[in-house]
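Only one structure is covered here, and it is reproduced in the block below.
Every chain is named by a letter (A, B, C and D) in the order it is written, and numbering of its residues begins at 1.
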Amino acid sequence: MSETSVPTSAPETFPQKPPEKGMFISLGPQHPSTHGVLRVAITADGEVVTSAQPDVGYLHRATEKLAEKRTYPQIIVLTDRLDYLAAMTNNWSYCLAVEKMLAVAIPERADLLRIIVGELQRIASHCVFLGTYGIDIGAFTPFLIAFGRERERILDLFEEICGARLTYNYIRIGGVMADSPDGWEARVRTFVKEMYGRVDEYDTLLTYNPIFMDRTKNIGTMTAEMAVAWGITGPNLRATGFKADVRKDDPYSLYSQFKFDIPVGKQGDCWERYWVRVQEMRESLKIIEQALDALKPGETMGKLPKVYRVPVGEGYGHLEAPRGDLGFYIISDGTPSPYRMHIRAPSFINLQVLQTLLKGWKVADVIAILGSIDIVLGEVDR
Amino acid sequence: MGEIGPLLSQLFHTGRDWAAGHGVPPLGAQILMMAVQVGIIILSISLVPMVLVYAERKVAGFMQGRLGPMEVGPFGILQTLADGIKLIFKEDVIPRGADRWVHIVAPIVACAPAFVCFAPVPFGKGMTLVDLDTSVLFIFAVSGISVIGILMGGWGSGNKFSMLGGLRGAAQAVSYEIPRVLSVVPLLMFYGTQSLRGIAVAQQARWLGVLPKWFIFYPVIGQISFVIFLICSVAETNRTPFDIAEAESELVAGFHTEFGGIKFALFFLAEYAYVFLASAMAVALFFGGGDGVILPGGLIPSWIWFLGKTFMIVFMFLWFRWTFPRMRVDQLMSFCWKFLLPWSFVNIALTGAWILWRAHS
Amino acid sequence: MTLYHFLALSAVLFSIGIYGVLTRRNVLGILMSIELMFNAANINLVAFNYYLHPENLWGQGFVLFVITLAAAEAVVGLSLVLAIYRNIKSVYAENMNILHG
Amino acid sequence: MINLPSIIFYTFSVLAIGMAIVVVTSRNVFHSAMALTGTLGVVAGFFALLGADFLAASQVLIYVGGIMIIMLFVVMLSQQPFDALQRQTNTQWLYGILFAAAVAASLIRSFRDVYRGVAAVATDTVPTSAPIGRLLLGDMLVPFEAVSLVLLAALVGAVVFGQDRKAAK
């Protein structure tokens, strides 16, 4: 039903006029369940989708071109707005790339703070996924519980440590902006303890709900070869049974010291993609606990000159963002601003699989499959 | 004490004699009294959705860790009133491509049957407006008319997607009506009468002095028919998990997206009136109508018992809405035809066996 | 409100149905007019039963059968119309003139 | 003399005939379907007037709740954009009127002298559900079973015609 081959020829022009057989549905860009401004041109023959063509670019802000006109520290502000649901990991990935080129040493406390804040961000981002996916399938309560109650607690913690709730700008090149206020670790620890119970609550509320399983089990199945062929990363890839996580494969900062396992699905259907993200929340909680134990007072900012020049050459830094392998490729020509910066956005690449994944499924399943891929348009359009 | 049923009917007779006495021809007096009764029912029934909407938003709030409406009036009581007034003053927009007449008549056809269906419902001792002999069949027949309202709503909105939404909603309502009617057949077989008042009164007896002889407590047949009736009533009123008709996140827009202001309020009113009707029927059929549970019905009047039990079942409707996700169209249809229908046949067979066994022993 | 009133009413309804069948171009219109004629006959049956033989209910029983048969006929007729519409994209009686398999 | 039943009878008959005329003459097929639904409802009112309460409820249930919905389905699925401009009635509408009027006149004329003065015998309305049930399963058992066969045949026929021939292959 969904061949694994990656299309070599350019996809056919956008089906604007309705096909002679069947119906043409333009889903989006103002549609409640496309998580932002995405248009998918779907042609359906009766109830079955015959072709789907994602049409992106509605949220393009030329971030990469802007970066060429700003100095390195100023670009951190740009990266916040890429995946606006996980700004922390965007900053971190950019800083990893620049630090690799500058080869500056990061103090241990800064690295631990980065891990704690990064994993908290992953939980918050998965909470948003949980809420919006529940609404796509028709259940309203998980949205208010996951999005409302849990994410608010995490945003309060972020507000204490860096003053912002969405665009944090907390992780800087060489370390972190500020040390954590006193009592912050204790509050994170209590939150983590409570959160274990909350994640079990999601299982009873949605994960093992028979109607939810009918709507998502064996729907939009994706084989491991197809996922690898399309370059998919993150929970969508792990749901197909292919075990790939940057934190384990190419461990950055101090992840190699922590013990946590990578949840892996079996058949890569919508339910498994959802299930993998819920398990990941539990793993992140373990990591945060271990990081909190290892936290010792110390420096939070590496030794860096006031105005520094990145040596000529190129650098690539990437990490496991909530939506996949987020990487920054920077070419520097010695001037204070990069010559060229390219962002490997996982959502943009995960989105391409829709062309083959949606084919052959019912029109009613399109929303379930689209929601399970969990894309954020800020990252797709950059 | 507090039984206002007989008092009310007494009031109507005295009113009619008084009117007849004062030169109004007996025919006119009769029509006048009927009009008064109908007026009371319509007023009280149009109050019920106001209460239900408020209850729904409060229950939804508490289930989702928030408070629900608190602004308008103490604890947000007047919130629905405010919504109603807002809806009434909304501009009345009719889409150009749509069929004008059908667009205007659709909400009326969807909402009017809801009021007519409340005639045979026994609200308490002596408080049945019209004790029809075929009241159960009458309610199912008249509630079938509002499905035509859904279709007209779909057609009257002019765009292809609302029409598809209307077709889906009507197909669902028609297919769930069959198991709903069949789930009530065991009751008719058992009590031999179709009149809701007759069935409610027949359940007033007590087993061993304590357990009330309500149909829900009959070992197997009671529970099966109640569960099927409840599921089908949820499907009939297009509520989650069967709300594909106005599913926002689905591709096909719901059938009443093009109706603003008072027309949307009428569709809204119809939905909640039918929820209340289904709960009232469930109470009359399965929970013994106005029959008091512990106190022998003396202390608390029967209509308070009736309303209390009805709101218990209404709470189940609200509870379903905020916990279940939505079923897909084909799952929903196969669930009806391949699960509910066979089980209602089995239930009818079981009741037949029970009656034969009871007849012989 | 004698029997004669009811018979006159059903005769008028019946003739309106005949008019509809004869002059409607749309096959659905014809089907609806046939439903109208069925109902006119039903009124007659119930009126006869009420006025002439109130003691038994043969008239009403017969009306039940008329209703079921009208339902069966309408269902088959409508699916036929739908099948024809699917093939020749029109529901007008005069377009249905090609008699082949 | 004006009593409640005759008032109801006259209003219902005016309604029924008015809506019947709309059914056969309206340009928009959907409007004629609406009018037919109205007529069926009024006919159910006549049944109730004549003491057949079970029949009135089943008429509304089967006709309005069943047949009209399928009819509206087909009307909605087969509507064409240019339907509104089409003439809904063919050319021989004059002969149609004459023929219909002839039928009506002859029927009424023939009923007149036979059933002129037959008035209702004043029996109070007794509930008819139970007697009809006993009648259907008693004296009318054979037609009852035969009709179930007819319905089965209609069901199979509808499915066969409704199926998309290409999908079936």
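One rule holds for everything that comes next: contacts are C-beta pairs under 8 Å (C-beta built on N, C-alpha and C of every residue); 3 or more make two chains touch, one makes a residue touch a chain.
Since this is a predicted model, take the numbers as computed values, not measurements.
Enquirer: Using the touch rule from the top, work out which pair, B-D or C-D, shares more C-beta pairs.
Expert: Pair with more contacting C-beta pairs, B-D versus C-D: C-D.
Enquirer: Measuring between Cα centroids, what's the chain most distant from subunit D?
Expert: Comparing chain centres, A lies farthest from subunit D.
Enquirer: Averaging over Cα atoms per chain, report the distance between subunit B and subunit C in Å.
Expert: 33
Enquirer: Roughly how many whole angstrom separate the Cα centroids of subunit B and subunit D?
Expert: Going by mean C-alpha positions, subunit B sits 28 Å from subunit D.
Enquirer: Report the inter-centroid distance (CA atoms only) between subunit C and subunit D in whole Å.
Expert: That pair's centroid distance is 6 Å.
Enquirer: State, to the nearest whole Å, the distance from the C-alpha centre of subunit A to the C-alpha centre of subunit D.
Expert: 62
Enquirer: Which residues of subunit D are in contact with two or more other chains?
Expert: 54, 58, 66, 73, 77
Enquirer: Can the chain contact pattern be summarised as a line, a ring, a star, a complete graph, or none of these (other)?
Expert: If you draw each chain as a dot and join those that touch, you get an open line.
Enquirer: Among the chains present, which pairs are found to touch?
Expert: A-B, B-D, C-D
Enquirer: Which of the residues in subunit B end up touching subunit A in this complex?
Expert: Answer in residue numbers: 60, 63-66, 240-241, 243, 247-251, 322-331.
Enquirer: Where on subunit D does subunit B make contact in their complex?
Expert: 2-4, 28, 30-31, 34, 37, 41, 53-54, 57-58, 60-61, 64-66, 68-69, 72-73, 76-77, 127, 129-130
Enquirer: Under the definition above, what is the set of subunit D residues touching subunit C in their complex?
Expert: 5-6, 9, 13, 16-17, 20-21, 23-24, 29, 32-33, 36, 39-40, 43, 46-47, 50-52, 54-55, 58-59, 62-63, 66-67, 70-71, 73-75, 77-78, 80, 86-90, 92-93, 95-97, 99-101, 103-104, 107-108, 111-112, 115-121, 123, 128, 131-132, 135-136, 139-140, 143, 147, 150-151, 153-155, 157-159, 161-162, 164
Enquirer: Could you list, by residue number, the parts of subunit C that touch subunit D in their complex?
Expert: 1-9, 11-20, 22-26, 28-29, 31-33, 35-36, 39, 42-43, 46-47, 49-52, 54, 56-58, 60-61, 63-65, 67-76, 78-83, 85-86, 89-94
Enquirer: Over in the complex, which subunit A residues touch subunit B? Could you list them?
Expert: Residues 25, 27, 32-33, 42, 47, 134-141, 144-145, 148-149, 205-206, 209, 211-212, 214-215, 362-367 of subunit A touch subunit B in their complex.
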